[in-house]
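Provided herewith is a single structure, encoded as structure tokens, for subsequent inquiry.
Chain nomenclature is as follows: A, B, C and D, assigned in order of appearance, with residue numbering initiated at 1 for each chain independently.
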Amino acid sequence: MRQVIGLIVLLVVIAFLVSGMLLLIHPFGYPPSDMDDYIIENAQEETGSNNVVTSVVFDYRGFDTLGEATILFTAVTGVLLLLRTVKRKEENS
Amino acid sequence: MMEHVPLNFPFLAAALLVGISFYILIFKRNLIKLIMGIGMLASGVNLFLVALGYRTGGNAPIYTDVPEGPMVLPVPQALTLTSIVINVAVLALMLTMVILIYRHTGNIDSKKSRILKG
Amino acid sequence: MDKLLIHSPILIIVIPLVVAFLTPLIGRAGGKARNVLVVASLAFVEFLVIILARDIYLNGIHIYTLGATSPALALPGGAMVPIRIILEVDGMSIFMGIIWATVSLAAAIFSLSHMARETGQTRFYTLLLLMVAGCFGMIFTGDLFNLFVFLEIASISGAALIAFRTRFADAVEGGFKYIVISAVAGLIFLFAVGLLYGQYNSLNIGYLAHVMQYSTLDKIALTLFLVALTIKTGMVPLHMWYPDSYTVAPANITAMLVITSHACMYAVFRVCFTLYGITLDPATVGWIIVIIGLLTMFVGVTMAVFQTDVMRFMSYHAISQMGYMWMGVGVGLAVLGNPGALATYGKAAISGGIFHILNHAMYKPLLFMTAGALFHRTGTRDLNKMGGLGHNMKFTLILYIIGTLSIAGIPPLNGFASKFLIYESVYQFNPVLAVVAMLVSIITLASFTKAFQSAFTGPQLPEYKDVKEVPKPMLIGMGILAAGIIFTSIFPGLVLEHIVYPATDALINQAAYVNGIMGGMP
Amino acid sequence: MLSKIVRTVANQLILFILIFGLYVIVHGHLTPGGGFQGGAVIVSGVVMLLVAFNSQELKKSLRERTLSIMESSGALIFIGLAFAGIGIVFFYNFLVGTPIFGRIPVTGPNPGDIWTGGVIPLMNLAVGLKVVAGLSAVVLAMALFSSGEEIEE
């Protein structure tokens, strides 16, 4: 029974994706780009860096990178939390 | 619109990658295969994001000694950078939990605890 | 003072982050200093949320553009598209902010003694603060990709905290299920964000709502949004992971995780009401949400009736209570199209659903904490083994009664006010829904009295003779939530007027949100 | 614990990996690269050392306490730089035009001058420090855990 449901869901998902991708999305190579054009022109004098991608990562969308650095920090703390050696002070109750 | 259909291969590749990873998520039992499925789903979505930003004949948006020509969109690349780091973090945490599960139960087949995903 | 106010949206998100980065350093000095720092920072964040809420109630939406030359400058010179990340705090966001600040403060104080004897406490509090920052970021941001980033922060820290007690096999399994579900949901969400970015070349919710034409690709993106976010809130077809993860986590973490599910529900409302607004055909999407709400309500409560594990029992109830919210706001969404029906009962349905989020966000964490108190003292979560604890755990008994009466919707307490609002408005929409809602509420009352009877009343069992009351911090944590419940029960009108109705108007009034960005006015 | 040859080669190779990683971090705002990518390069060097020498020796040199302090300080520097512009707005690039890293490059293609970019090079360094400390702590913890070692709390 589970196989049948899984198969149906899978087919629906793939149909969605392929139809969306092939027919409806903008042709590859010709994206709408009004926000990006502004960034490409003004990145150099607003952020002073030649690498426009780094200026987007650290200045235009710096908050994302702050979130991302926090994600890395969370993952490291989480992994070290889980891999701690389990010697408890004394039994819970 | 129709004459561009054959050129949409990158989006088709991204869609197939996501489709395959859904197949893995729904049917595969082994936890490690499940994690690989999520890794594949992540690379599918990243490929889709980067493919969104390509401009024909464009070169990298870096002004140091760049040849003439239009520039590729920088924002999808910044998004993909963040998405890759997020997937590294998620994979690290999932692998740690698989280590712990293996240490507790001695097997990494998720038969008994499998949730119906899909 | 007003400088603090202008910068308050970003400060609320960043202060928990800074303190989280500081905790490992201060944790080396000593546990006491770290605990004081954590609780003090959460109290300061609560203060900031309150002054921001007062200011939003008085003069509307707050915009905060990160990195621009001035906080309110959404559109930089010469560009018609918002370039930077913009935090947009309107009535609905600050409503979720108030809930999240109060519950996280209560949970932090609760965990001071609940976690006293565990190893790895420094990292526990770091992850707790990161989860607080993650959820605040999710609630306040006006940028889709930023919403995805903070959704991931809340999920990763949540998963690590669920698996905190690594000595139990089911705890690690629960954490693994949570992280797998969150990773898949996050990636589906990112795919939908990519679809929208591919079409309109912008990530800002206000601008996207401004230019949205609801093409077939947007329909696919909408379904992906709904699927991704409803997985995280435990909707019926995909709710199996919800009880498994929420039972094994420490009680205060479950209390906070319930609110992260509320934040995902807030994200669904933000997508449906603000991002798509009228362009999506409200009738079909509204009806889908109402039906799923009905299903969630029913399945949640029927599964809960014969649970023996107190935490699993309460997480099934959490799922069923979510059903009420889906139904309330779903009815509102369904009638978003015709202003007539919206005026008569649509607005009341939405405010009923939102008021229910507020009430649920107070009594459900309280119930989870009482279950945590029982676990703290008896070491077991199995209702059959407990008995007669009412004799020597007086305060927990009273708090449990407040929570039970409130969840079952007994008139004096606040659960009744929001459920009545939902029944009344949903009845005008379609009587069958209201009848089922009432039936579910009765079953909830029945199952909770059964749990109450098996845990608290009855003869005092020999092995629990020397069980003493839970330590002070746990009582304070539960006390804050109980005070909130009592306050909303005594002055429902006040709460409705100042918190719930502005949130409903903010949700319905898409134009205000859009011209907050496009109009450039603060 | 691999053979002697591998260990000596690893000892020499780690220097080149470090230099390349630092190059990628520091030139983040001129050439493709940045904090995350450079940090990942250096962590791959650390993993190489972990493979060449067993985890006990590495545990002595790379103590877990110093890694966690490095990571927290990297994160605090990053958030401090973001906070420094709070006078105007949170993430404001306040160093553009000032003597520190402030020169504004000639618009259009130019050979690239390192003294530009305002806050960006400093943020690159902070993120690089954080990524190196964080990921090597994770790799070390996994290696120690699977070999049944003791990881302090």
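The rule is short, and it goes like this: contacts are C-beta pairs under 8 Å (C-beta built on N, C-alpha and C of every residue); 3 or more make two chains touch, one makes a residue touch a chain.
Small disclaimer: the values here were computed from a predicted structure and weren't measured.
Across B-C and A-B, the chain pair carrying more C-beta contacts is A-B.
Rounded to whole angstrom units, the spacing between the C-alpha centres of chain B and chain C is 29. Between the Cα centres of chain A and chain B there is a gap of 9 Å. Chain D has its Cα centroid 24 Å from the Cα centroid of chain B. For chain C, residues touching at least two other chains, in rising order: 17, 21, 24, 66-67, 119-120, 145, 149, 152, 156, 159-160, 163, 166, 172, 175, 198.
Among the residues of chain B, those in touch with two or more other chains are 18, 52, 60, 62-64, 75, 79, 81-82, 85-86, 89-90, 92-93, 96-97, 99-100, 116.
Shared contact sites, meaning residues of chain D that touch two or more other chains, fall at 30-32, 34, 36, 68, 71, 75, 79, 82, 90-91, 93, 105, 108, 110, 112, 138, 142, 145, 153. If each chain is drawn as a node and touching chains are joined, the picture has every node linked to every other. Chain B contributes residues 60, 62-66, 81, 85, 92, 95-96, 99 to its touches with chain D in the complex. Put simply, chain D touches chain C in their complex at residues 65, 68-69, 71-73, 75-76, 79, 82-83, 85-86, 88-93, 153. Residues of chain D touching chain B in their complex: 30-32, 34, 36, 105, 108-112, 138, 142, 145-146.
Residues 1, 4-5, 7-12, 14-16, 18-19, 22-23, 26-27, 51-56, 60-64, 71, 73-75, 77-79, 81-82, 85-86, 88-90, 92-93, 96-97, 99-100, 116, 118 of chain B touch chain A in their complex.
Across the interface of their complex, chain B is touched by residues 145, 149, 152, 156, 159-160, 163, 166, 169, 172-173, 175-177, 179-184, 186-187, 190-191, 194, 197-198, 203, 238, 240-241, 244 of chain C.
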